[in-house]
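By letter and in written order, the chains are A, B, C and D; residue numbering begins at 1 in each of them.
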Amino acid sequence: MALDDARGVFPIAPTPFLDDGRVDAGSIDRLVDFYLGCGATGVTVLGQLGEAPKLEHAESTAIAGQVIRRARGLPVIVGVSAPGFAAMRALTREVMEQGAAGVMIAPPNTLRTDDQIVGYYRQAAEAIGNDVPFVVQDYPLTFSVQMTAGVIRRIVTEIPSCAMLKHEDWPGLDKISTLRGFERDGSMRHISILCGNGGLFLDYEMERGADGANTGYCFPDMLCDVVRLSAEGRREEAHDLFDAHLPLLRYEQQPGAGLAVRKYVLMRRGILATATQRRPAAPMSAATRAEVDHLLERLARHDPRARLEPA
Amino acid sequence: MALDDARGVFPIAPTPFLDDGRVDAGSIDRLVDFYLGCGATGVTVLGQLGEAPKLEHAESTAIAGQVIRRARGLPVIVGVSAPGFAAMRALTREVMEQGAAGVMIAPPNTLRTDDQIVGYYRQAAEAIGNDVPFVVQDYPLTFSVQMTAGVIRRIVTEIPSCAMLKHEDWPGLDKISTLRGFERDGSMRHISILCGNGGLFLDYEMERGADGANTGYCFPDMLCDVVRLSAEGRREEAHDLFDAHLPLLRYEQQPGAGLAVRKYVLMRRGILATATQRRPAAPMSAATRAEVDHLLERLARHDPRARLEPA
Amino acid sequence: MALDDARGVFPIAPTPFLDDGRVDAGSIDRLVDFYLGCGATGVTVLGQLGEAPKLEHAESTAIAGQVIRRARGLPVIVGVSAPGFAAMRALTREVMEQGAAGVMIAPPNTLRTDDQIVGYYRQAAEAIGNDVPFVVQDYPLTFSVQMTAGVIRRIVTEIPSCAMLKHEDWPGLDKISTLRGFERDGSMRHISILCGNGGLFLDYEMERGADGANTGYCFPDMLCDVVRLSAEGRREEAHDLFDAHLPLLRYEQQPGAGLAVRKYVLMRRGILATATQRRPAAPMSAATRAEVDHLLERLARHDPRARLEPA
Amino acid sequence: MALDDARGVFPIAPTPFLDDGRVDAGSIDRLVDFYLGCGATGVTVLGQLGEAPKLEHAESTAIAGQVIRRARGLPVIVGVSAPGFAAMRALTREVMEQGAAGVMIAPPNTLRTDDQIVGYYRQAAEAIGNDVPFVVQDYPLTFSVQMTAGVIRRIVTEIPSCAMLKHEDWPGLDKISTLRGFERDGSMRHISILCGNGGLFLDYEMERGADGANTGYCFPDMLCDVVRLSAEGRREEAHDLFDAHLPLLRYEQQPGAGLAVRKYVLMRRGILATATQRRPAAPMSAATRAEVDHLLERLARHDPRARLEPA
């Protein structure tokens, strides 16, 4: 399957660490196996919440390689955002040789005008090689770069190797409708639209025409179910499941604070060996931990997968 | 009651307009009566989502005056943020003479350093008069100004007329805990902390020590109930009610797009005569309207107040 | 003369205050007379460095009216930038009735995409009335809004009442060339381009096709001479005079600190009664004052107008 | 000499490239020899204008090594700013092993509060090793991070390995005075303050207590002369020389556009083989080139070093 036809859920994988800060290879295998079991259709590594900037170059390529091998043919996308094209090209080359399906590129937060944004992606595509499929990450809340639907259409139209949009504009529902409208009126070719932003609007994003999710919520199994139910037209079931998770999902989606929550829950679910973040990292407060435990207890009344052994 | 001891819910009032763009005085009365009926303990007008910048000066003071008179003694806070202190002082003087309980001041988005932030509030307090109680609005997502808990303590300590914090940092739960810790260790006097940010974390904010809510969600009756249940220690009931509203609340909290949703629901609830925003305003798409209707239908299964006549 | 054909120098007038903070009407008359004597072809009031946000509404209109009457028919442009269109419209109406030639509108610093910028000016033009000539202020360093030449062309083309560009992008020389190229190739109608940014590149801006200056440097007589010499093709004379002033001009152009320098020199030149800024204002340090005196002494070796009585 | 006692001029070296984009090792040697001949007291490589983000990792370390060896014992500072501490640590280790005197660290543009800034430098210092002297780069115009003098004092006081300030705040003269005042009143230990920002205020920065320059202006020989004349108390001579260069210096200091000017003049001076920038790079327009030639001609009337062979 070409990336521009991708559907389903590509979880954003966190990078597991041992307590002493070393990469935890065992947890990586467990995590990938878990994603496969959930029904994920791909995996994204070294993304914004993968702690990529804390990794040495050799660690980054090793992690990407391990995930690619373990994913048994599922497409793996690797985040290669970097302050310069030289580093971006070097990492891209190495992961594509290892079998990555494509790379994800976030815009530098200095971009302002439409032309700057399109120009940046044109240069990036040329730098990594025009044969490498790439994902545009549209996340104004974090990157301070605002792309109109028209700018995305220019990128898709002018750069053939653009294969996917990681949609996390906020608000962003009408943007999905506009982009799908561009496809229908023939002014833009089809690309895959997978949704991020923690999944906060996944319920209605699916109904607007998104192809699935590309985010790291600690219950990727729920994301897979909601995407599937929605695709099958079982609308209220999709919403019921989504709504049951929304209190925790909203809590995990807090910028900066969310990664600790995500790793903590994945540890409680038995997938990660520890919830450790590599330094520098903000520790999770005792009050936060208690709130997450409370959210899990309440969630367990609706979703048995949240019935976990006491922490 | 002094503002620094305020508790409960101060709804942020939208400004109602007629279809032709004129201020809708009838709806203002209805809105205030509705707030009183919900159990609100105060009202805030001309806030960020009150379309204040679209109002002529005379309109602003007229609206403030009408709300103050209609509120039968409940404290009314008036947003007076302005690019210069002259306009801020002029509006403050007029609304205080009409009986306002205090004013709310947002920081200009050019402030960066701790000293700049504290200095700005010191100058603002001097400009409006040191006897006028004011509310600090801490909303980095919208204003791009980041205040640490330490900076808020400096403002509270150095400026006696600071009476309240409109807390809408995000994430912000640990910040409430830190501020209440400052009070307990005697390093900061008590102020009222009311929570904004659309109410997205009101459930846990109350448990962290907040005094209530100061936001404009289209079901202020729910906000009042959650604050009351939480204060009474009926924790799970508070969460149950909050969680039932969370899908709609999250939808309404979308920056920019949320005000249209808020006015639309208040119209469907029979409180506003129209959902009109004064120009310039983004119209609500048909898809958005259908989604809001869907959210209301789903909410009605848990909260009968959402059982509305068909649109 | 229509504003879109304006040439020469429109000084940006500072607002003179007495030591007690009141507006100094006597100095306003002296200032306008001085501009006329220098050969100015217009005047701009209530601009970015006119301390407009510190003025009460009635003061703003009084100042604009006084300058208009005193300018004996020279076109006067009034800064009307405001956070909302209601205030912008109200001020515009009043100053146009008093005889202003047009208004200047800066973009709010939240604008990002090309469409947002064009849309803002379209709405502003509609709000103030499509018959009111307006100036687009292109000053990314201060406003954080980046307009490409293409966006300016869209504004000029789509909004007939756009009459002038206050050009202060930085760097900006090639932008002037591009805009004049648009005029030559017929893709944009002619507008006046007057240069701001303290005049830091006025020497070459004139050679790229600018029509003159629109800035507040404390020697507007020099600006008038440089514009005239350049227009007459006396290139090296223009540069010689400009270069002699560049050390002081650069010093005055410091963001934030420059206004104090400007007012101090205008006071030393006998035009303003005091160098007072209305509060809040950063005082000029003793070291700064000594440096300005030193710069004036050095300048006096080249330009006798800088030979001032001891401070 | 320890870095915290450094005086004189540390030119910011551009990275020379051949027309085909490869690093030009011959020009690097010529450039370092030229700096030594000018009287430079150190060199900084891989800085903001050294095109560091366009270099592969191996190229960066090779360039640093070559400059260190060629500089015959002069201290060489290496820019190691990176989005993550892992890459920063890796590059630091390699260049310190090759004999670098220290490293320069720019703040990421997401830092806002005082605590965030101090915390970032504390973590960076720990990451690179507490025995590695580092330079704090204070350049708000480019990095959008505002450090008060108090914050710099906190960094210097809390982190012993902080050795130097690259001062390029703007305006920044009073900041130098404040920092030197901190030293005099005993509240801050001494560090070296070298000035950047293209040298635009070097004349008065020296008089405020700066130790020299740390910038890449295309006449480092002038910078060395001005620093020496100023240190010798030959004030008017220092200003005369500085003022003669100011028109060109101002032109070169244009953000984004300046590097092309710098490389072009260094090529015309026979030091760089080409003016090539590695892609992506904005080409210098013909009009710009003509203006630079004109500025050089005019400068040559005052400084014979600007008498160059025709381009």
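Here is the rule we go by: a contact is a pair of C-beta atoms (placed from the backbone, for glycine too) under 8 Å apart; a residue touches a chain by one contact, two chains touch by 3 or more.
All values derive from a computational prediction rather than experimental measurement.
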| request: Supply the minimal count of touching-chain steps required to go from chain A to chain C. | output: 1
| said: Going by the touch criterion at the top, tell me which pair is linked by more C-beta contacts: C-D or B-C. | reply: C-D
| request: Indicate the whole-number Å distance between the mean C-alpha point of chain B and the mean C-alpha point of chain C. | output: 39
| request: Could you please state the distance in Å, as a whole number, between where the Cα atoms of chain B are centred and where those of chain D are centred? | output: 48
| Averaged-CA centre spacing for the pair chain D and chain C, given as whole angstrom | 33
| For chain B, residues contacting two or more additional chains | none
| message | For a test of understanding, state which residues of chain C touch chain B in their complex under the given definition. | response | 52-57, 59, 82-87, 90, 109-110, 123, 279-280
| Interface residues, chain C side, partner chain D - complex | 141, 170-171, 173-174, 177, 200-201, 203-204, 207-208, 236, 239, 242-243, 246-247, 250-251, 254-258, 285, 287-288, 291, 298
| said: If we count contacts the way the header does, which residues on chain A are in touch with chain C in the complex? | reply: 112-116, 145-148, 150-151
